[in-house]
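Mind having a look at this structure? Questions to follow.
Labels run A, B, C and D following the written order; every chain starts at residue 1.
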Amino acid sequence: MNTPARLREIRLPGVQLSGAATVAMLVAAVVVNSALQPNFWNSYALTSNFATFVPLVAIAVGQTVVVLSGGLDLSLGAQVTLASVVAVQIVDGQLDRFPLAAAAALGVGLACGALNGLVVALLRLQPIVATFATSFVFSGLALVVLPTPGGSVPLEVTTAYRDAVLGVPIALLAILVLALLWWVLRRHRLLRHIYAVGGDADAAYASLVPVTRTRVWAYVLGGLFAALSALAILANTGSGDPFVGNELTLASVAAVVIGGTALAGGRGGAGGSILGAIVLALVTNIVFFADVPTTYRQLVNGAVIILALALAGIPALQKRRPTA
Amino acid sequence: SSNDGGGSGGSSGAADGKPYTIGLSNGFVGSEWRTQMVKGVEAAFAEYKKEGVVDELVVESADTDVNGQIQQIRNLINRDVDAIIVNPNSETALDAVFREATQQGVKVFAIDQAVTSKDVTNVVIDQAEWARISADWLAKQVGKGGNIAVVNGVAGHPANEMRWNAAKDVFAKAGVKVLTVADGNWDQATGQQVMTNLLATYPDLDGVWSQDGMAEGVFRAVQAAGRVNQIKISGEARVGFMRLWNEARADDFESIGVVNPPGGAVSALHVAVNVLEGKKFAPGKINGNTATIPIPYTVDETNFDRYWGEAGGEGNAYSLDGSLTRDEAAEYFQ
Amino acid sequence: MSTLLEMTGVRKRYGGVQALDGASLTAVRGEVHALLGPNGSGKSTLDKSLAGTVVPDSGEIRIDGAKARIGGPRDAHALGVAAVYQQLSIVGDLTVTQNVVLGLEPARLWGFLDHRAARDRAVAALERFSAAFSGRLPLDRPAGSLGPGEQQIVEVSKALARKPRILVLDEATASLHKEQVEVLFDVVRELRAAGVLVVFTSHRLDEVFALCDRATVLRNGRTVGTVDLAATSEDELVRLMVGDTPHRTPRPAGAPAVATADAPADAIAGRTAASAAATLEVRGLTTDQLRDVGFTVRAGEVLGLGGLQGQGQSELLLALFGAARVTAGEALLDGRPLPLTSPARAARAGIALVPGDRGRQGMFAHRPIQENLSLASMHRRARVRLALGAAAERRAARSMVERLQIKIGSLADPVSTLSGGNQQKVVIGKWLLDRPRVVLLDDPTKGVDVAAKEEIYAIVRGLADDGAVVILNSSDNRELTELSDRVLVLFEGAIAEELSAEAITETRLVSSALRLAPGESL
Amino acid sequence: MSAPTVEAPRRVLAWRPGPVALAGAVAVVLVIVGEIVSPGFAEYGQLVNLMRVAAFLGVIAIGQTIVIIAGGGGVDLSVGKVATFAAIIGSRVMDGDDGDIVPAVALALLVAAAIGLVNGLGITLLRIPPFVMTLGMIGVVQGLILAYTGGQASGRAAPALTSLVNGRVILDLPGLLFLWLLLGLLAVWLLRRTTFGWNLFAVGSNRIAAKLTGVRVDRTLILAYVLSATFAGLAGILLLGYTESVFLDLADQYMLPSVAAVVIGGTLLAGGIGGYAGTAVGAVVLTVLQSLLTTLDIGGAGRTVVNGVVLLVLLSLYGRQRRLRS
């Protein structure tokens, strides 16, 4: 051991929260929220809360994959928008066209992801600004597809999204499906390569990992999860809007970090991001139900989020590397 | 009000549901107009409260997107409000959550811009009419064959489209040539920068039509180019612009300001109370699910001194305002 | 013996640097072929051209007589080439197992991972080296948490697991213990017996002679010759490497390679007497990895740190520099306590550290040589500690370039364009400009060629002569014997033995490191 | 033996257009395209206007350049909000009165610097990644703005400020341009000729090595974020001079463009490489592009798409990452 642990850690600019810290935050948020909101556990509140979480959860999973690969996708929100307007134009209120619309949304996510992958991995543009640029392309296209808000999602879809089976909200099941998807991906060679590329691209390249292809795939997966987020949004909103997803982008990054994934890449996972997204949404609820005066609500909200992020700085909660 | 285990009415004690709890959902705070809107509702609400008609106003006001506004509305439903007044971030994308509200027995009123949902009562001014008034004025000023530029808000935004479609018709009918349409994002500084660019590349402008929130920037750009006397500017009924207008009047500058009232929310509050009290709309007062409230007034050369006298002391961002009185609101009902 | 590998006319240019200028290498099946040359002669670049991480500007590579098109590591792998890079290719966040199988993960249907097969493969590759991990293979530990030697072994195992026909080892022994080196050599000999070609690069000539059959020597990116090692003396080899131009020989002419070390160096004895003032006193220093370390060093003295690698030597230097968490103890410089809390304070107190890992700890690779040289001392020359004079900085940097004979193009070039030895001189030079009173050197000649090594020795002696306290950690016992007035042998974070003057011999150092009683034989 | 130490003259052949030259060339090309599609675009007056608009972005991007060079994922997303807040404070305190300019600007910059300090402390001591620290700070500052204004910004720019920004000084050039030039020179000096600048590059290039070279890493980083917020505050004040009155979201839209200007100017988001000259040209390029798009009558959707595509083209000219294979 030539390097003391303290020095080795400085190498990692994006610190990560341990799983324990994220879970602790979630538990705290749930406890506080249910204390402040008397009907927190009744069925409407439960289903409506979960219905609120899904879009951010889905996009956060997508962002996690991209971040793990060492990138960042600032166009995910615009992809959500584009996928949702395409789907809503196709479905046109008819249930039998929903599968086609869903497939189209996934196709859009795939295509957007592929474009980002091309731009970041093949052209080697810096991800933050490159995806900032593609976000203009996607939101512009969304306006072309749906110039003004409109279109409708079949009632069956919006109703089912708000339903529960055996007391379990469908939206919660949707979150579990996202978690399951992640669990499956995690077992695939591609995800291993994504971790390797995000951890050390040069080393991965020298170790026979197809770095460029892996990076492209990371963005494609990001796009696919953005498309899932778009479907959740459609079920949640019942209609199309050419601006609907744009502001999810930055929140997805916050969810990823609260969930313990290092922005530097290579460390973390979507499990934490799912919890992180839920924590973020719950904080908004808490600030509301705590009757914080409107004027101060955004201030408190921002401060609580910074505080949550600051938990990363508490060494006891940090995942320490064993020292050799 | 009904309550199926989590919905509305929890706080209402009396048999008729009084006192009512009202929620206000506003998804955009980066505008003084919205602040004025919230403050107006708070003031009117205090009156009702004194009378015991209402007990609590729950305000959700933050910069957020459609998803955030859905969460706002769900929180209001979970807070057991009886009615929600909403300034919607989308014309359509709140449809499903409005249905949830209705299913939970909560009445919803949309202000500032109409939404498509049939579960909602729109209490709004006619944005098309609002645009038409100033467009008419400008068309007359520049005359047939006149060249104008347009500084719009945000492309694709429903209010923007409604306003611009109406104005476009006016200009077409009057034979006014629209040389270019640019977006100023309803933002003063952007409006100023955009107009500066347009002035440089369109030297033959006779007039400029802009949506509200940007006229001050447009004016400053024209002024900086030294062309206030050549270019007609459709203005707005806000103190910042009217101050510039007032100063330029000495040089024969004329403009127009159609009031886009933040007080529309107050009108909606009056309507909401009537609805909660079980009253039905009078025939002809509601078209589908939209109750159109009149545009309060228009500031022009003939009445400028009066309105400037009344409002000149307010801050630059103050919008001239107006709302239905309680009596006027009552006239909407049987 | 049939020719397996033929590289001819390989050229590679980096900006203004011609790294390879028509190099060639021909090697046969079943041999260990050394690739030698001074720092910056192009060895790693040639290795990488073969392994696919560098694509040469021109040149031809033939394997088994067929023209090879190597556009990347995967092409090289398909041709049976695996490499251990000088700059390790370990992903620190992945586990040891994951690293060993990286890029070639065993998978079931549709690319889903087969964990059991991966584990088996990792165990098979690592088993030989299990002694290095005290018997327990750290299969599930993040590779980044391992020490440098252990990482080196993982890197080697990864290459072995690829079952190559051609194995490239670029300074693969630089971080290894002697016993580990022996295991590696055994493995290499087995591979040779099985017909594998091993291309071996090292600056340790004893290793080269012990292991290799033939050697190809590079100079300035060109191949100057290939020799049969059995028929070549070390001197001849060195002459081939350094060339016929006048240069300082590595050691006094005619002196046997190892024997001088056993005799006390008279020069050292002469100058320690010069200054008797005790300047650095360390008492009870304790950290995560150090236990109660205490000693005194006088100005003008070179204190060596010996023992097996990883016994706390680097930690001791970092602790004195304020870069490790000190839980107990103190250090006094001229009787005044040193702040052991931050490197910035240590630097201000007149301490300098030349760290062990140049790339990660000592250098700003993409910044100009000028800034790299100025950084530690610029505050002395700045007005109000803020405003820098371009001319003054240039003068300072140039003086150091001349004093240390650093071979550079322009001061404005990134330091990454220099060869390893010259980079090392820059890292040392930045501290010399600060006129330090205590100089801490952590393996300052690691990966440095013979000529540069000698220059660095001269610098170290010069520092001591100028009255500085020098503490030197070295993995090279020969270096300790040549430079130290005293040596502290560390074992598990504590001082196990102090050797002084005539006691400092390579044999004593080895036996002491292994904690054998004096006189006890190996 | 001194021969090898002599500095070789840089080879002419090795010369490649640097980021500044490239970005500058792009700006010129855009202006020419603008003149072709809408005559008048390249007139002197319009060019001056473009430069004036670019100045706000240019000043905000000074701080952005500094934090990005500091590396470790360094970026300051709160610059837009901080600029807005500074303008709001400045406008309220000076309220159209020349006599109050100094206290107004001082207070605004002080508050901005304090916000930067909090960013810096969060990033160094609490080790929150800059991206999310400064993102969270947006909410906090927005809250402060609402608390400070009650949702209604008030006050007006002092005439002296307005004439400093808008008034023509020499050659019909507004004072703002000279101010920008001055600040730009200050930034270049700070980065290239001060111990702070060299420490900053060192920290951005290799944080561990910086620490082991005696650089006060935390202090350097904190100072970087303080400077970023301060320059943002200054840009807010200048914007106030331009618009004369202030609004709750006055400068918010500069957030990501400030990052884009830095990158187009050739500074690496990974840190340790770059400079302000490129950023300044980057700001001009982005401004010319925006204004070109404004004057093209292609509708909002088309404009947005073209904007994205042109940005991609700009980025691929410069700001590309290193190859894995050399």
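FYI, a residue touches a chain if its C-beta (ideal position, glycine included) is under 8 Å from a C-beta of that chain, and two chains touch if they have at least 3 such contacts.
Quantities reported herein were computed from a predicted structural model and do not represent experimental measurements.
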Going by the stated contact rule, which chains contact subunit C and subunit D alike?
A
Taking mean CA positions as centres, which chain lies farthest from subunit C?
B
The pair out of A-D and A-B sharing more C-beta contacts is A-D
Taking each chain's centre as the mean of its CA atoms, subunit A sits from subunit D at a distance in Å of 29
Between subunit A and subunit B, the Cα-mean centres are separated in Å by 34
Just curious, how far off is subunit C from subunit B if you go by their C-alpha centres, in Å?
71
Any idea how many Å lie between the Cα centroids of subunit A and subunit C?
44
Which residues of subunit A are in contact with two or more other chains?
7, 11, 143, 147, 202, 205, 294, 297-298, 301
For subunit B, which residues are shared contacts with two or more other chains?
29, 38, 63, 155-156
Where subunit C touches two or more other chains simultaneously, the residues are 53, 72, 323, 360-361
What are all the chain pairs that meet the touch criterion?
A-B, A-C, A-D, B-D, C-D
Under the touch definition given earlier, write down the residues of subunit B that touch subunit A in their complex.
4-7, 10, 29, 38, 59-68, 70-72, 74-75, 77-80, 90-97, 99-100, 104, 116, 155-158, 161
Seen from subunit C, its contact residues with subunit D in the complex are 14-16, 48, 52-55, 71-72, 321, 323, 342-344, 346-348, 353, 355, 360-367, 371, 374-376, 378-379, 382, 385-388, 390, 398, 401-402, 405-412, 430
For a test of understanding, state which residues of subunit C touch subunit A in their complex under the given definition.
51, 53, 72-74, 77, 83, 85, 87-94, 98-99, 102-105, 107, 110-113, 141-142, 144-148, 150, 158, 287-289, 309-310, 314-315, 318, 323-325, 356-357, 360-361, 442
Residue numbers of subunit B touching subunit D in their complex, please.
29-32, 34-36, 38-39, 63, 152, 154-156, 179-183, 185, 187-190, 192-194, 196-198, 200-203, 216-217, 220, 224-225, 240, 315-318
Subunit D residues touching subunit C - in the complex, by the definition given at the top:
1-2, 4-5, 7-11, 14, 193-196, 198-199, 201-202, 205-206, 208-216, 272-273, 324-326
